[in-house]
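Read from first to last, the chains carry the letters A, B, C and D; within each, the first residue is number 1.
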Amino acid sequence: MLKVGINGYGTIGKRVADAVAAQPDMTVCGVAKASPDFGADGAVRRGYPLYSARDDRVNAFREAGYELAGTSDDLIAESEVVVDAAPGGIGAENLPRYEAAGVPAIVQGKESDDLVETSFNARANFEDAEGADAVRVVSCNTTGLSRLVAPLEENYGVEKVRATLVRRGGDPDQTGRGPINDILPDPIAVPSHHGPDVNTIFPELSIDTMGLKVPATLMHMHSLNIELGSDPSSEELRELLGGESRVFVVGDDFSIDGTGKLREFARDRGRPRGDLWENCVWGESITVKDSELYMFQAIHQESDVIPENVDAIRAMTGLADKEESMRITDEALGIGL
Amino acid sequence: MLKVGINGYGTIGKRVADAVAAQPDMTVCGVAKASPDFGADGAVRRGYPLYSARDDRVNAFREAGYELAGTSDDLIAESEVVVDAAPGGIGAENLPRYEAAGVPAIVQGKESDDLVETSFNARANFEDAEGADAVRVVSCNTTGLSRLVAPLEENYGVEKVRATLVRRGGDPDQTGRGPINDILPDPIAVPSHHGPDVNTIFPELSIDTMGLKVPATLMHMHSLNIELGSDPSSEELRELLGGESRVFVVGDDFSIDGTGKLREFARDRGRPRGDLWENCVWGESITVKDSELYMFQAIHQESDVIPENVDAIRAMTGLADKEESMRITDEALGIGL
Amino acid sequence: MLKVGINGYGTIGKRVADAVAAQPDMTVCGVAKASPDFGADGAVRRGYPLYSARDDRVNAFREAGYELAGTSDDLIAESEVVVDAAPGGIGAENLPRYEAAGVPAIVQGKESDDLVETSFNARANFEDAEGADAVRVVSCNTTGLSRLVAPLEENYGVEKVRATLVRRGGDPDQTGRGPINDILPDPIAVPSHHGPDVNTIFPELSIDTMGLKVPATLMHMHSLNIELGSDPSSEELRELLGGESRVFVVGDDFSIDGTGKLREFARDRGRPRGDLWENCVWGESITVKDSELYMFQAIHQESDVIPENVDAIRAMTGLADKEESMRITDEALGIGL
Amino acid sequence: MLKVGINGYGTIGKRVADAVAAQPDMTVCGVAKASPDFGADGAVRRGYPLYSARDDRVNAFREAGYELAGTSDDLIAESEVVVDAAPGGIGAENLPRYEAAGVPAIVQGKESDDLVETSFNARANFEDAEGADAVRVVSCNTTGLSRLVAPLEENYGVEKVRATLVRRGGDPDQTGRGPINDILPDPIAVPSHHGPDVNTIFPELSIDTMGLKVPATLMHMHSLNIELGSDPSSEELRELLGGESRVFVVGDDFSIDGTGKLREFARDRGRPRGDLWENCVWGESITVKDSELYMFQAIHQESDVIPENVDAIRAMTGLADKEESMRITDEALGIGL
């Protein structure tokens, strides 16, 4: 059992921990948090050894009644791999610590691609991470785009991607984030940085992205136009995407009209935290006209990168190859709708 | 095993079904829905026999590929008790059908108190429903208020309740409901109908309520002022409420600042659908000054009435008495935080 | 002075009335409303003769203390032109009444193009409405798109338009409309009906649109990709659009990050109701790459069609030609930022 | 003409400037801003001499093309009175500068009452500010409460105020503020600091307040319970409040169901920026039962303190006494609905 430490136990970290714990070939050797809030209580209840992410917070944990297994340095020493899920920017600061300790590490999408050996998406470039010591799992939006581009590229070639990313303003527990009643071009400059991020996975891809932010918390929404190298039918496309394990093609009969009902569907299915690890593509929206594909997909920002983190662990440590890793991950989590 | 039929399988009905299925002494003999959307898929996956709530929709279910066990008339015939969770107003229409079939039935809070033998809240008036054939589980807000009033009344006496109910505009999957950016007195007339609804449980209680509606979907929020018959300390109050199984006193260390983090906490705890069956009272807000209690509590509109429906079934059929029923329900669901 | 009657005095109608009243060559001979709410009070205060839009509401107006000038039939008889701004669908029902009375009439964008002689956008096809008896001012979104396409078409040719329309869920006073916390593909089918609506103005244009709905009330947002027939620089494009009187190119120094600050800007400028009759294009977003233009524009749904209604009146009645009419309208209202 | 300088030209400052400019006995000698955004453009267009609020921003203004009249030190030197409307906390820092320059100054509600000679509400304690050199206009919520308490106190005596303040999360242009989909007790501790703030105006008043924050931008909403010293009828109360110039009793016939329609009403009335300087009390909600008054009022956070700032200027400088000042202010602005 590979010992995995999780440094940063918030939205992403707690989900990575649960996903690792669900795998047959790895175990959570500890999680590090910066403050003793209800998340710390959750970690303890799940039986994860609790570490203080910051040395100056040890007392705060003690006062709140938590027994600590140590600080993040101890956690790193304990781990065979570290998944860093600290707030954006802190992963970059932590990388030298992992390197110094000789522990392979994964950082999240907000960190720069320059700091790691490769950016990672299991479906698209698993092999690039094999044996690597520092890997970055791309952001939720880039993960969602990569899972689409990979099969399209393989089957038809992709001439150009034009994507409008209508992004949620904050996660459901981020009470301080807005906007309340606004639609914001974000960034205003076009194309946005999201396209170049996809290029860390598909260096040759021609992609232009435009970003927006809206007052919603549940999921991002992608409005997509993709020029293909050939002209398949809409039905063929629907079938192709339906065959991808990490893409869920929303059926017309389901009467799911947006992200609210999608998450309700996930809750009804008993998904932990109502998570949707898969890209959610409206089948009815898939339309090919003169080799141009149009479609809508919703991306659950809190969870779509979770299986990717698990697969990255296997790629880096050689626990399994791409097909086997994705199969094990999907089976352990119950991915596939 | 008591056979319970659920007529109306939406927000409330699907939760009642799962709660009934979790009990040791009852079983779901079927659920009836009006349309073959993703909810129908969910019912089938959970193994609940599926009925068409409306005769004219049988074909729609067939075309969507569902095998029906019959229509709601068949479901009623099959059931030893029916829980009606159809949209507000339809329960009233259905009551004569249940009576004609000789099946005891529970309706939800939107229906009128006049139509049933008693309105019901387990903590407050379980005994009134014993042996009854038609019972109404009071609304989510009234349930939340009743759970507070009962222990306060028993321990100190309640002179007067003044409550401002800041209500969510719609449930997370109700995409058509607003408001988007508004605060609405609703109703404008004061006091609102919520007070008289609490009087269906506590006929003598002096209570004035004011209702508001805001653009949020997760929970209602009650801002409360309660004049007590004596003058306990805030700490005593906190302990009293902490001892109630269906009240969760939010700890100060948890850093839970509102309904978003509350539901996140529930998801972290692995609660099905992230539900919070308990009143959620901020411990820090509990304040007694000159016999007047002030406090905030959040009420999860989708789920707080669920354990009450289960207990009402036992009260009506004599399966258990109050203490035993509440204990079994709480244990089976995992109530108590 | 041309006598203009306004049938339907809500969001659109009251603005058309004020715009007509501001023109030197026309006057408001009356406005018709269906209910005696605060809008009726507003009409009276502005000195517009008040009519009941529905015969069965005459008493309701009386009881609320309003003196009526008559019903909508009287208003039609009184008018030389009618602008119909009744709720969508009612304009279609009213058209035969206008025809029977021999009064030229304008309906709004929700009505079908089939029912009128021409759909209308002043910048794009003023001439088509000259002398017509029934004209339809296209919807707010189509108006916004037409004002862009016209100059682009004239200067470079337009090969293809791909537009994602991120639409506000409701107007600020529409408290019943949602969604509260969602992003909805609307319609889910792609391309949406908005493209064909633009084709009522530009029949030959190749345009694909995708529609979304979000919890915001202030403006729509368009995320645009336009393939041009030649390859101008971004600066040239910015200048071209800056030269259009009904397009406002938002300056970079203004630090306007979305629709909230845009409307604040309009309020600061003293605009009536904080209206923005112009397309609001972020200058910083205007980007041309290999003959493809990308840009964001915000559209104030409540007001961008107002100057178009005024110009349509002149086109139909021959009061002025295109250049003169647009100039008079712009000057009278203060259009141009 | 009294020369008034405005230090801080944001939501409050720009409105104070326009209100001062509208008075017959004072003039705006300049406004100071910290950044050259669209607000600066607005100041210039209105003819207000523009100053840089911060010395280190002078170049930023120059680069954006603005001609400055100087920095805030120059503005202070130029002014006979300064109204400080800088962000909360900065007013406190600025007070010694005003004192050093010998210029009487007004700060806003976020600053501490300890720093000034008196807190101020025109209706309640105009006289306390007569001749003072440093005055604090109380916050929007406290202003709203004071305007109610004053006439109630005078006519019936007030035994106790219990208020739930449902506050907007941010102003319409504050895109960074949340929450998006939440209801937050804010502060969680009860009673909130709002009550003691009212006590800076009514030191003897018994008042308990509870604060909440919701995803809305237009207005705050107060849910009120007030124990009176006698037992007037609801009608009498309605009349009393209707007679207050800075209270607007919303008529039942207006069909105004919340803050969206209230602001729409203000826009229809041609109010600058759609402002509502008055407390907006729903007439239908005014209910007296056994000497207890219940009611809802909406408070326009951006504008209700504006007339108060104007009156404070007159009180401090002796330009007029209370009745005369309020009359002039109301007439100049058009207060009274």
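Please note the rule applied: contacts are C-beta pairs under 8 Å (C-beta built on N, C-alpha and C of every residue); 3 or more make two chains touch, one makes a residue touch a chain.
Just so it is clear, the structure is predicted and the values come from calculations on it, not from any experiment.
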- Query: Which chains make contact with chain A and with chain D at once?
  - Reply: B, C
- Note on the structure: Farthest chain from chain D by C-alpha centroid distance is chain A
- Higher C-beta contact count, A-C or B-C? A-C
- Message: I'd like to verify one number: the distance from the centre of chain C to the centre of chain D, where each centre is the average of its C-alpha atoms, in whole angstrom.
- Response: 36
- Query: Using CA atom averages as chain centres, what separation in Å is found between chain A and chain C?
  - Reply: 42
- Note on the structure: Chain centres from averaged Cα atoms put chain B and chain C apart, in whole Å, by 46
- Message: Where in chain D do residues touch at least two different other chains?
- Response: 172, 174-175, 179-182, 184, 215-218, 257-258, 260
- Message: For the complex, give me every residue of chain C touching chain B.
- Response: 169-170, 172, 174-182, 184, 215-217
- chain C contacts chain D in the complex at 14, 35-39, 41-42, 45, 64-65, 172-175, 180-181, 217-218, 253-258, 260-261, 263-265, 267-270, 272-274
- Task: Spell out the part of chain D that touches chain B in their complex, as residue ranges.
- Result: 162, 164, 166, 168, 179, 181-186, 188-191, 208, 210, 212-221, 223, 225, 257-260, 282, 284-287, 289, 292, 294-296, 298
